[in-house]
């Protein structure tokens, strides 16, 4: 924490005081970009441009951004079926993401993968995953690889509360710990695995408690507070990078939309959804910062406006892009 | 093969494939307190594809058990329950996830009876939505039934109509052995006549859906439906295809196929799983080592899934598995070859 | 604990004082039977009567006996690749076990299963298992079944320290806890999973610590002390039977023999083996009881002598039994 | 097919199959720092079947990594490492345990490249001891290679000689795709000539082990060895069998088989995996849909594993999979049938 900032703004909580104006704006921009990207994707879905299904992370942007923006470009991450935010925070181009959702040849996966498989290994995005828990051991492997290659890369592994009941979770965290690997496990606990309330699916209310089994630090954090998430992420990332081993971070958050496009929300109440809607991480950051008088509203407005333009351009790119050629269907199976 | 008992004809109504499956589960649970269902989101949510629907309201959370996301564990729990007097129906949310549960299904459920010297049984049903066509991409669209057809100790069925779905599921629940029940996602909304009363279809019996003399087309799951539609197109061109719905992969009713091939002298097998080492390979090989082989006038033709993971883009996705027109083209091609 | 017994023998630890003479002799007999059974099996193996491999539990008898002898006959158990002790403690007939090892039609599995698959579902032995961790979810299912059938059966699930790193462990314990099932998880921590020292394979030294992740009691006990094992087992079994849910018991023990018949023991020292040989649970019980003057040596000697006769008879039965008929190979695949 | 480079002929010595595999791993690790091995008990213990042996002493515990017993996790770790610049060799202790790792192998390793639009690769080798004959019973004796032959994105090889074991393993390690490498336990001690220098055998090429004119016998893994021995017996009876060792199931060199069948007009396929939906089904089907079909004078015959889990009793165990004499009998039977 920079003491000069603190001295200047004694009414700020340290997590926020710790962030430079640039970081605040970068985080705001990333969260807003994710939000608008998903809203526009949802709209495109409704209009029939996107088929299949998709899993929106609306309401959960702070966990993706708080963690990923604290990474270096060379670091890696593994993501989930609900991974748009992770990709965008890692720097994915929304135009190439839309193109993928639209099934186009120009998309991240050439139209082969769709929403559940966005990846960009070059840039360290080791991929969303349609298999719940699928990314957990892969992240361990990426961290093992980083260690063996003597790079200082850290791998962040996102997964959900539901995923934490998969055997893969247990095997992955144990391996990461015994081998002291540079990996940060980030559980986005949004209270449900599809319709299954964590109170019914897990023997413990806090996934972070499970860190005990793996002799690693485990911390629960308000997942809708990007500054708080970033603070714990920085500690965990530093620890990983220093060769001190993995950590488990649990971001308590909530998904505002249904699980997927076919969810009828029978398993939760309108009140619960509304309550969490009031805890929007994006509004919260903006309001808190404005309330402190740290930045003027037009800085935020300018970001919002730029994002609107970016979304328009990206969607137009996706629409205008060519479909993949069915004659080339079986290419890209083998290297 | 007439499975429909005559005295129930009046009690038939139209149900979707999903409703037929739900009705079978409901009737089995009413009749036998040891029958229960477990799986992910099968309770209040009603199942990812809505198949369990309102069963939780009828039978309660004790018999319609929402499980954690833990496919190996829930499969093992089902095995343990089956071994100790219960008749679990396990729903895996997508058949692709059976890769996580494979150990319990293949090393435990399938082998327990034999390993224990015939002194135990595992009356377990594993229901799995499978197949492509919903834009769910490579990890949510596979057809892995061939894997389990390869495993002694398992039975493997693939209903293609609401009627069969109900009758085969009731037979599977009755069966003292583990039965893998592959449902096709694109069939869930298909409607068909289904008697109200419970009835069983013997597992391991194929059915001739359409009689014909020029070529035999054997289809599995949705491909049986497409084969029937293709047969209509072929009929318009003067070709009479005999269409067989295989229904069960293990045991496999090769006799019905042989009988048809002896008549038509030509065989096309259509299936959605990857062509190589898929169900069609077994059918073809079985014919090739049988005496029906001598009746063949043309090479046996397999139409299976392309050698590719299932793609997301809908055009690619369709191109990856046989469509009605592919079957028509294959038949024309085969008959043309044959004639030359 | 019966206070009269305590009053009578104030120099006894409560775990032992708690046991009646009959229970002590029963436990001794069961442990000795397991020991001699395995020694005779080993000898038969050397002489070529048994093929394949086998996993001996010599040195670990107290964990099997301490737990299983506390069960009711109607209770169930799942066992492991190192499961002879569990079966014998549950009342398996050594003659039918030898017959199975010898591959005979009269064996528990008609010669189909061998050492790794001894089972007797009728008597509640749900089977040894060749898959490490394979029995964990099966035990959960048996307990679920017991609960659904409103029986008061408890299921005991044995597994090793190595198995506790399998995903199946995690999935099973979580399910058992959320559903409050009548199951007792018993980890026989013999320090190694094959050649892998628990210090290298597990992030935590005590498997019992992992109970925290499943909100169930977890207790480590000296696995070579049958009275101590029995005491914790009784508590856990009572808890399970009362509908209060599962427990995790860790028995710290040691296998004196190699992992299997092909083990060359490169991964551990002679000293370590010798040290543990000195902690033989069978001698220990006998000596402690004799030291207290509670029972006379001839009571133990009589048991030993009877076991020798039983072993002779059992082996003769196995030898004399017929081989299975290869013509009937594919029977018993389907019911 | 002559894979042995001529200039190495002087540098050949006898190695066992296990030693040849170890040598391949050692040479790959010497040449490429990104190659490493992980698996259960592969370090000090030297592997359950002694295959890794002393490699830990040569390359250290950082590159010969003893893992916890966690097959899904270690497979996933291997996938993650392969995706990020390493070339892991994963040893599964018995191939039966691949049922636990199937998700990572089938849903991740096999599909990642395609799902990611061809922009990633997973250069992973999974080594697996498989097959029966050691009295290890149903959960430690399976031959599940057909499963993986069914999965696009994977390659699947089954060496039957020390020479092939080394050459195929080096090729597998070089391969940018996931390769499943099935070793047969009964072959580990088999000796054969192996050049000292590293060499590669192209994955996907079958080899004619013995030329013949009367019948083609295609064998996989140990069955190629048994087929050769059977061919000698047949030769004594005046029958010249052509023996093909398939070596790779995916891709499958059907051309070599077709060529042979066009010559011999008779085909027997021998494999240890369960007959139904095993490798022989694919070979038979491939021939039946090829023009080699027209050359066949007799039904294609498959000799596969019986429809039963592998039994413990050694007599039953032998009866459960094809033996040399079964191959001889099958050939005689086929030729007799043909003549009548």
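A, B, C and D label the chains in the order they appear, each numbered from 1.
Operating definition for what follows: a residue touches a chain if its C-beta (ideal position, glycine included) is under 8 Å from a C-beta of that chain, and two chains touch if they have at least 3 such contacts.
Since this is a predicted model, take the numbers as computed values, not measurements.
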Of B-C and C-D, pair with higher C-beta contact tally: B-C
Most distant chain from chain D, judged by the mean position of its C-alpha atoms: A
Intercentroid distance (Cα basis), chain C paired with chain B, Å: 42
Chain B-chain D separation of Cα centroids, rounded to whole Å: 31
Centroid distance [mean C-alpha coordinates] between chain C and chain A, Å: 46
Touching two or more other chains - residue numbers and ranges from chain C: 109, 111-113, 117, 129-131, 134, 165-168, 170-171, 174, 178, 200-202, 330, 333
Shared interface positions of chain D, touching two or more other chains: 68, 70, 72-73, 96-97, 100, 103, 107, 114-115, 137-139, 152-153, 306-309, 311
Chain contact topology (line, ring, star, complete or other): complete
Complex contacts: residues of chain A adjacent to chain C: 165-171, 173-174, 177-178, 200-204, 209-210, 212-216
Contact footprint of chain B on chain D as seen in their complex: 72, 96-97, 99-100, 102-103, 106-107, 110-111, 114-115, 137-139, 144, 146-147, 149-153, 250, 252, 273-274, 276-282, 284-285, 287-291, 293-294, 299-302, 306-309, 311
Touching residues (chain side chain A, partner chain B) in the complex: 51-53, 100, 103-104, 109, 111-114, 116-117, 129-134, 162-163, 165-167, 193-196, 200-202, 262-263, 266-267, 323-324, 326, 329-330, 333
Chain D partner contacts - residues on chain A that touch it in the complex: 76, 78, 107-113, 117, 119-122, 126-127, 129-131, 134, 136-146, 148-149, 155, 167-168, 170-172, 174-175, 178, 330-335
In the complex, chain B residues that touch chain A: 40-41, 43-46, 48, 66, 68-73, 96-97, 100, 134-140, 306-309, 311-316, 319-320
